[in-house]
Amino acid sequence: MTTTDTTTDPLVVAGTEIGSRLVMGTGGAANLLLLQDALVASGTGLTTVALRRVAAATTPEAARDAGIWGLLERLGIRALPNTAGCFSVREAVLTAQLAREACGTSWVKLEVIADDVTLLPDPLGLVEAADMLVRDGFVVLPYTNDDPILARRLEDVGCAAVMPLGAPIGSGLGILNPRNIEAITHAARVPVILDAGIGTASDAALAMELGCDGVLLATAVTRAEDPARMAHAMRLAVESGRLAAGAGRIPRREGALASSTPEGRLDLAL
Amino acid sequence: MTTTDTTTDPLVVAGTEIGSRLVMGTGGAANLLLLQDALVASGTGLTTVALRRVAAATTPEAARDAGIWGLLERLGIRALPNTAGCFSVREAVLTAQLAREACGTSWVKLEVIADDVTLLPDPLGLVEAADMLVRDGFVVLPYTNDDPILARRLEDVGCAAVMPLGAPIGSGLGILNPRNIEAITHAARVPVILDAGIGTASDAALAMELGCDGVLLATAVTRAEDPARMAHAMRLAVESGRLAAGAGRIPRREGALASSTPEGRLDLAL
Amino acid sequence: MTTTDTTTDPLVVAGTEIGSRLVMGTGGAANLLLLQDALVASGTGLTTVALRRVAAATTPEAARDAGIWGLLERLGIRALPNTAGCFSVREAVLTAQLAREACGTSWVKLEVIADDVTLLPDPLGLVEAADMLVRDGFVVLPYTNDDPILARRLEDVGCAAVMPLGAPIGSGLGILNPRNIEAITHAARVPVILDAGIGTASDAALAMELGCDGVLLATAVTRAEDPARMAHAMRLAVESGRLAAGAGRIPRREGALASSTPEGRLDLAL
Amino acid sequence: MTTTDTTTDPLVVAGTEIGSRLVMGTGGAANLLLLQDALVASGTGLTTVALRRVAAATTPEAARDAGIWGLLERLGIRALPNTAGCFSVREAVLTAQLAREACGTSWVKLEVIADDVTLLPDPLGLVEAADMLVRDGFVVLPYTNDDPILARRLEDVGCAAVMPLGAPIGSGLGILNPRNIEAITHAARVPVILDAGIGTASDAALAMELGCDGVLLATAVTRAEDPARMAHAMRLAVESGRLAAGAGRIPRREGALASSTPEGRLDLAL
């Protein structure tokens, strides 16, 4: 029967089953309580946390971030340290290594950001850092642009997944170039997780319909007016898009097609 | 708490609660068994049936249509006769009257189709027929184009809902002019049900996010490779879009916005 | 040879050659001098003027409008009175009749506007007023929505052209539903002139590529920072789109296609 | 006054004025005569030629390519050798060096193609090859994807222009991600020439409106049914888009805006 049961259709990354295809970020939450409600409503099994800010809990915000680790542990959600805020290969690699020690996990969401205005990935630095981290034993999930060739390079150096953007971080613009995302998912032999750009539920459903194996989002939920309600919407959207992707949608047609054939129509004798 | 429980957030048309915001059509199904599976998976509480073909069950296809009435009764789904195949006001009105007698319901999905190629509504005939049927005591749900002014006229003559198209019938093109749909939902004082054009789940979620109160679809499910799976996807998509519409989505931004502020970052001393 | 020479490829409305496929409106101009520069740069041969405001030149703005008639006469541009500001059939018909007397032309751009917020056409009133004016001997060019069926009805009652909107008046959003415009141009036996929504030159080129016979615009030029420069851009865009529409464009392909075949490549012996 | 006169608004690359903002490719032409007509109609001053195939004129097609050089010389069009068909840094660099010797120009359109199915640029190889060629004294115009960060890297290594794609080569899909192109043009300090994806005239106009300094296209003209007519359309489209980009377009508005204010309207006393 049709199902979105995570026991029969789980997301598998690096041989590990993740209990949901919706990966959450924690940035942007107003407070830990709202974040907790949203995480629970999302049903997520994997959630990113910014390592750099955790380790330096010298401000109220950073202290809250430190609290996130405890929260994820209580909720039984796997924590995925990221290298957010790293603008060079060296920074990113060092941050990943610190995260491994501090958090006891070799998984890392790799970000090598080109600048603090666009927040776009640096394609050259990203491949270099990914290569170094894979050789160092990390399970690397890189945040990348939507270029199918760069996605291939990241896979070639051994990344466990590729995470292309739909649109710039925090923009809420959805998926600006669906053809690129589809080209990536069609070619990839590792899971593809759409990361960045999601604004609302239909964006997440579309990502899955384009063949993504999962969706990662943060502000679309944490900065929504009702984070828990939007988290619930996103959970259903990801399940819905996954089902639709496997259901063999009707082709797009230029022009109408009656659902019923005209034969056998009642003769009204008009 | 957030919910899509139909007992707390039902679709109400003409004072009557409908048990789901997903309205189904029956055209295009390969056979009754597949249709039954799809209807059950969709969770629908209201389903359209073509009256003209039912009443004249002289072909195998028409006989199957006649069987649909029995099926809906068994499943406890309210049947909504439509005037599909009617190309004039007179045909549509007469068909609606026959349906009232034959089916024991004064509800009708009103179609006045301009021609059998575009299958687009005839705007002038539609308002005229709607006006006549409302005066005759019908609960009229008209299939209309996406013109906000025509939707207003239909509401003015007393229609119980307005059902604008997203794209031509059977095209699977989704919602070609989201601004028009949004203009209709913002202005309407009766339920708005998107009717025609849906191709996949994200289209249905988008319809709800644009403010629609429900979605009506047929071939997107009945002609999908796995109708029951797609029906399940559509059910979740409608729920998801309804939740998202009420969750206060983040604004669209031209440009990135970091989910976390840069203060308190770990100093890597690089 | 290929040409956009207006002597060999003119726009013909009701048997009359118009010297350009770019029809201008006059609303929104800061002053008559800027308007004159823009009209000259546009190369237009047909320009709309609001009759209601002309006839009642009791304010500075209305006096300026009255001056427009003299300006058009000096420039040798045919004036097309419109019924802007008319919200009912009666108003529109009476305004057209006054225009005929005052301006000595039976041509009229017919507007029957539903309300002063959306400025969208009232589809029912539009057909009724068009029918009355055609019977009364007018050459009627109706401003309509983008519904292919309504366009057909307007043609059926004898309109000399149909003028569908690309987007709401003054919105600058371009052509929101290109498929509808293309459906109208494919079916029409009278000229189709895109009217309303144009924001920039590529919008006008697209309108022509979709098969329109002309483009009508006002604020995209009159409210641009440099109206004469934008008018020049629009003139070239309309010519360009007309040429492209007749040049047999390449098909859209999902996937790349090398412009050169690989045979005969130099062997680099690498 | 407003102008597209190439003497007052020329494209300047590496200090050299190019006589038109429309750069042509030669691939896909049915024969030299049709190509000549198209080049003349386009008004181009710079045209790419595939070096690899020229140098190895052992097939009829290659012999025709060799003839292109003579054609360009007769027409007074600057030839720009490209490295089409090069799938590695080494191939591309060697091809560029051969072209310099054979053609007597240090200008090169640099292509490092990832594979012969997608024909997409290899981002890492592209930067590496560009860097090597710039150091070797070349004027490098790289064909790149639409990633703003990669464009910046190419500029950083000294490229004389950047040439992002609108869509895959030969697809005719236009500009799939206009925001990326606009981000590139806003940030670039060298000319940006849209390269690949153009299908019709409005695509070229849009490229210029997004801030591109020029447009490069081949198959949109050479494979059109009437290449010379489409070339003419493209010439006007590029001029039109250039004018529009400098004319200060009206903002996009959600909702209508009357071009005329309602005051001073004629009182019809209805």
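Quick notes on this structure:
By written order: A, B, C and D. Residues from 1 in each chain.
One rule holds for everything that comes next: a residue touches a chain if its C-beta (ideal position, glycine included) is under 8 Å from a C-beta of that chain, and two chains touch if they have at least 3 such contacts.
A quick map from chain label to UniProt name: A, B, C, D = Thiazole synthase.
This is a predicted model, so every value here is computed, not measured.
For A-D, the matching interface among the pairs C-D, B-C or A-B, defined by over half of the contact pairs being the same residue numbers, is B-C.
Note: the chain lying farthest from chain A is C, by mean C-alpha position. Mean C-alpha positions place chain C and chain D at a centre distance of 31 Å. Chain geometry summary: the mean Cα position of chain B and that of chain D are 46 Å apart. Distance between chain B and chain C, defined via averaged C-alpha coordinates, is recorded as 35 Å. Under the contact definition stated at the top, the residues of chain D that touch 2 or more other chains are 118, 120, 173, 179, 254.
Chain contacts here close into one cycle, and each chain has exactly two touching partners.
Across the assembly, chains come into contact as A-B, A-D, B-C, C-D.
Looking at the complex, you find that chain D touches chain C at residues 1-2, 4, 25, 27-28, 41, 50-59, 61-62, 65, 84-85, 88, 90-91, 94-95, 98, 116-120, 168-173, 199-203, 205-206, 209, 218-220, 222-230, 232-234, 236-237, 239-241, 243-244, 246-268, 270.
Within the complex formed with chain D, the chain A residues making contact are 114, 118, 120-124, 127, 145, 147-150, 152-153, 167, 173, 176-177, 179-180, 183.
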